[in-house]
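Look at the two complexes coming up: subunit A is in both, with subunit B in one and subunit C in the other.
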Partner chain A sequence: MRSFAYSRPATLAQAFKTLESGGSDCRLLAGGTDLIIRLRDGSLQPTIVVDVKRIPELRPVIREEAGRLTIGATTVMSEIAADERVRRHFVALAEAAAVVGAVQIRNRATLGGNICNASPAADTAPALLVYGAQVVAIGSAGSRRIPIRDFFVRSGETTLRRGELVMAIELPLPTQRTGSVHLRRTRRRGHDLASVTLACLVDAAGVTRLAFGSVGPRPVLAVDSSGVLADDAADDDAKGAVLEELFATASPSAGSMRASPEYRRAMLRVLGRRAVGIALDRLAGGGAPG
Partner chain B sequence: MTTIPIEVTVNGRSRSLRVAPQHTLLDVLRDDLALTGAKECCLVGECGACTVIVDGSTVDSCLMLGVEADGAVVTTIEGLATGGRLTPIQEAFLDEGGVQCGFCIPGQVISAHALLQASAHPTIAEIEEGMAGNLCRCGCYQQITQAILATAEAGRR
Partner chain C sequence: MIGRVGASPQRVGGRGRVTGLQHYVADIRLPDILHAKLVTLDCARARIVSIDTSAAERVPGVRLVMTAADLPQPVPRFGPQFQDRPVLAVGETKYHGEPVAAVAADSRDAADEAARLVKVEYEELPAVFTIEGALDPAAPLVQDAALRPGDNLAATNVLREHLVGWGDVEATQADLVIEHTYEFPMVTHFAIEPHAFMAAPDGDGIAVWSSIQHPNWLQKVLADILGLPLAKVRVHAPDPGGAFGGKQHAKYEPLVALMALRADRPVRLVLTLEETFQAARRASAKIRVRTGFHSDGTFAFQDIAADYLIGAYADIADRVVGKGSYPGCGPYRVPAARITARSILSNTTPSTAFRGFGAPQVNWAVESNIDAGALALGIDRLELRLLNLARLGEAFIPFDTPADGHWEQVVRRAAELIGWGTPLPPGRGRGIAVGIKSGPTTGLSYATVRLLADGSVIVFAGTSDMGQGARTILAQIASDELGAPLDWVTVVMGDTAVVPYDQQTSASRSTVLMGNAVLDACRDIQSKVRAMAARLEGIDPSEIAVEHGVVLLPGREVPIVDVLKPGLGPLGGELIGNGEMRKEGDPGHPLGGSVAFFEFNCTAIEAEVDRETGDIVLVRHVTVSDVGKALNPLQVRMQDEGAAVMGLGHTLMEHYIFDGSGRIRNLGAIDYRIPTSMDLPLELLSDMVENEDGPGPYGSKGMSEGALLCVSAAVAGAVHEATGTVIRDLPLTPERVWRSLQEGGNG
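What follows is the complex of A and B.
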């Protein structure tokens, strides 16, 4: 691996100072499961690696307050997958966190890292999108909340400003009954990235939220407010037409070694239908408490 | 080259080291501490040959910098057997024939050990999930699963 300087700020102020003086020569390190691979293959060549894990405001804590669940940026996938509150209120996020890599990866990979890396295949992204998560970003000028649907730009690029860090991810606690699920297709469980990664949420009012990744430059949220998808009585063709509309923005790359665009589109339809069905079952089965 | 001082407990022993920032925990274990049980193999977090336990959790030591282990407690395969006595899971790997070439086995045993620490009686599905990050090219998966089940059944984790 090419050499670099290592910085481990103990405060936000120290981190901002390093980022300000280092500029684009800096790369942030959280879990490292993406970054270290790219440092080794030379596709990233920072002169300073800034380890954010000792900054207290980013610590791996999940807390419930003021009508929302706040997940510290450096919380790892294993903790998210096992957390009772996440499993109760945001089961699709728990399910997504549980299928990121294998256990060794989940013990290191962080939620903040997963979204900042901004892979189109990031498994937590669809779940965060259907739950309307907010990214709490902080820079030397102060903090701001970025709705997750405005966060992803393309692979490796987010709407974070230069010098900003992700401090936490906030999830509004559901105010009505919901049913939700995360599903994915992958060539090999425990190792490969998703060929399609998808989350679905249905609420008691009949609104269906579907978010999907690995089928375009960034994960996307699509909402069916017509109630057709959530309607047991709606006929299959009508549901199919709504799904087609929701998936219209999918634009899988032809250059991927992982799956052809045709396969991804086909699997998007299959997983979409399956996810709506599971989400409806979960809604009927009690869903998350309001 | 600038090195950074770290304090790390490895297999029960406190070590003060100076490490280069670009050296992974795996590099530090193998090259600085001569603990060559953990293997360098895929270097992308897929094969698990470099698996060690850091603060109670299994990690791919090829995907963690040595400096990140500052203050951590690390257990490698060399830290399992004590006084020349193998642990029950190590014995079970031998009894069940879970080892052929042996290259992946330090990582396999560490993952199996951590799995049994977390769950005294894992189901087959839990074993498959818990061991999914460790590839064995000799194909000993059945025997490895059997070794974990046998250790759990004997209540000897």
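What follows is the complex of A and C.
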């Protein structure tokens, strides 16, 4: 590994200062489960690594206020998967967090790191998309909220500005009954990166939100407002046609060794159909606003 | 007595192994050590134009940058079968990852940094990395024909052709002939401990540490290269953390030894996981099988053509091809057989020994073809196997050791445990297959056992305990024979300056060969105890027997220690026993020697397949082995389970993936998938058959590879019954199963 300077700011102001002076030679470090791998294989060679875990505003805290659940950027997957409020209102996020890596990884991997790394396969991204999450970004010029659907650009690239960091992720608490689920495809049952990762949310009004990753340069949200997917009476062909349309934007890479584009597309359809079914069951079985 | 053979005491050294107390090579710290890093090129094959080490040498802490030009000339070559592998690439690299230089520095970081700064100017050359590519008459030659003088295949990429057979395949009539071609992937051992090497000048000789299976073999390789007498080459072989065949033969020990001598300081090299992929692997294979059946289900003939893709240097790969394909017809009565096997060189990681030693590849093809025949004949797959299975004493390979077990008991037990013939829920299927592997064909193990004055025991044995539990077995034998509690027995291994010669730790041989040598050494001590007792009692030795830790005197029996103490007298001292076990070769035999024992296994699987995704869930996995006598039933079970799960790796998910120019794309743990605990069968049942009919101590046979041999065919058989789809290409990834189902799935 190339040697680098390590900085662990205790305040946002210190962090901004380091980021400003270091510029593009800086890299932020949270759990390090993405970053360390890149440092070791030499594909990233920053001269300064800035550890964000001591910045109070990014603390691993999950709090409920003003109609939303706010998750501090450095909250790790195992905390998210275990949190009662996340499990009650945002079960797809809890399910996604619970399948990231293995236990050791989940004890390190942060939600902020998962989205800022911006892998198309990031497992929490589809859930955040169907729940309409907002990313709270902060820079020396102040903070702003970025809707998650405007956050991802392509692998490794987000709409964060230089010098900005993610402080928290906000999830609006549901105002009506919903059912949701996260599903994914991997090459084995043990920990693996997803070849399709997908979340689905159906609400009592019949709107179905499907978000999917690992089938294109960035995770995508697609919404069915026609009510067909959520309609128990609609036949398989009709639902299939709607799914086909929602998935039309999927563009899996032909160069991947994890799965062929045909297989990813086919699995997107299978997972999509299964996810809608599970989300509908969950909607029917509870999921009252609370 | 807790050490008794047949009991399952706590593993000797087991606690240290799982708590981190055990010292692997990489844990050993020597003062003043230099850290080495290999310099490799990012391509399969290249002509080296020039190497500029100046920038690397300027990195602070760098002490040595070694290239082929710094080595003795001509650059020494080594290899267990052919001396073809240079210490560093000479003029040309022949596979992705072959080192062209190596750096040694005060710190690992400095070595890494300097390795990146070694500037190699090179010209990428056309390479071959598939069987078809290597056999193409226009293909570039992997090995310089000059390395193979007098070899009429030297102008091809075929290293050797092996032919075994009996009867007349061409003249044999069959009612049904089934012919298919099967493929087996390129996989790697993935031992948890990476290969690690260390060397230090040692007076007028050298000391080398390596996580190696065959320390004595390595000692000879180093002595030859360095021009030293054996006595001046001391090989320390700390217990490896898994090896599976991948650590049998020298890899980078010669390089590290030459670096240490040149730097006049200790040098260590610990490979990364990625580098281990480029250091050792199993041969991939393509196998055409033509099976002739009579309508009653008996075999008429087997005609097998197996092409194994080996790497750029032979290592032990050609022996793997010859020996692995040899029992290719399986444990059956086959009136006429023809087995041709070719080892084909390619510009890939040198393939080497790997649990099963070339047998799983052919087994996959032949057992699957037998299923196809059973289906076509309308005969139950289990019944067809039982019908043809060789019975005890039958010379099923006419010129070799006859069937050495009640194999039908093994098959019946597996069938019973899987519930063969009972109704299946929808979407499920079962498969069953049998596997056989030839045990060692030659062997030589020496052991020294010291019975100390208080009755405790030290066993000196050159076996490597790489996790298979050899320490425990050898301690149990000594404990049992000499009457010492197991925790009063110390087993010393892994130091060629201390322990007597052992040929090798491979082919599941150590319980049989080293076990017999230890037993022999214990018997040597027992005869001394007997003489002692005769002297003390003033009677003739013929009136005394010594066995299982006790001295049988006329009318009474006493523990050995009660004779030992008075027998040694006031000066104390000890009794030293020496033991030896030889298995001589036979130059006229196709393998150079008859088989000491066969490993026999039957595996049965119940699987459920998700037709939409191609996922296979193994509902139940049954493995039953013929072990003769389980000296330690728990260890037998652990070996069987480990082998079974390892077999699931190449069956379901493992394979090297190459890019279009022969670079390995999935180096490392992210895109090379091995089974995790979550991928295990929902139920894994292992059982054993014991008839005390083996050549090892107390009737034991070697075991530890058997449960891997026939996993693939059993799984594929279950998938076929569950879905109707036939797949002849491993691994059975979800995508491959899905694709086969999409395509109608009858292969």
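To be clear about the criterion, the second predicted complex is superposed on the first by the 287 of 290 C-alpha atoms of A that agree within 3 Å, B and C clash if a C-alpha of one lies under 4 Å from a C-alpha of the other, contacts with A are read in each partner's own complex, and residues count from 1 in each chain.
Just so it is clear, a contact is a pair of C-beta atoms (placed from the backbone, for glycine too) under 8 Å apart; a residue touches a chain by one contact, two chains touch by 3 or more.
Remember, predicted model here, so these are calculated numbers, not experimental data.
Of the two partner chains, subunit B is the only one that A:Phe4 touches; subunit C does not reach it. By the document's definition of touching, neither partner reaches A:Val202: not subunit B, not subunit C. Of the two partner chains, subunit C is the only one touched by A:Arg187; subunit B is not. Once the two complexes are laid over each other on the shared chain, residue contacts for A:Ala266 go to subunit C alone; subunit B is not touched.
Once the two complexes are overlaid on the shared chain, A:Val50 sits clear of subunit B and of subunit C alike. Touched residues of subunit A, counted separately for subunit B and subunit C, are more numerous for B. In the superposition on chain A, A:Leu39 contacts subunit B only, with no contact to subunit C. By the touch criterion stated above, A:Ile138 is placed in contact with neither subunit B nor subunit C. Of the two partner chains, subunit C is the only one that A:Met257 touches; subunit B does not reach it. When both complexes are aligned on chain A by C-alpha atoms, subunit A residues 1-3, 102, 189-191 touch subunit B in the first and subunit C in the second. Within the complex, the subunit C residues that touch subunit A are 109, 112-113, 116, 612-613, 652-653, 657, 665-666, 670-671, 673, 675-679, 733-735, 738-739.
Within the complex formed with subunit B, the subunit A residues making contact are 1-6, 8, 29, 32-33, 36-37, 39-40, 49, 51, 53, 78, 101-105, 107-108, 189-191. The part of subunit B that touches subunit A in the complex is made up of residues 1-2, 4, 20-24, 43-46, 48, 51, 57-60, 62-65, 67-68, 111, 129-130, 132-134. On subunit A, the positions that touch subunit C within their shared complex are 1-3, 42, 102, 185, 187-193, 257-260, 263, 266-267, 270.
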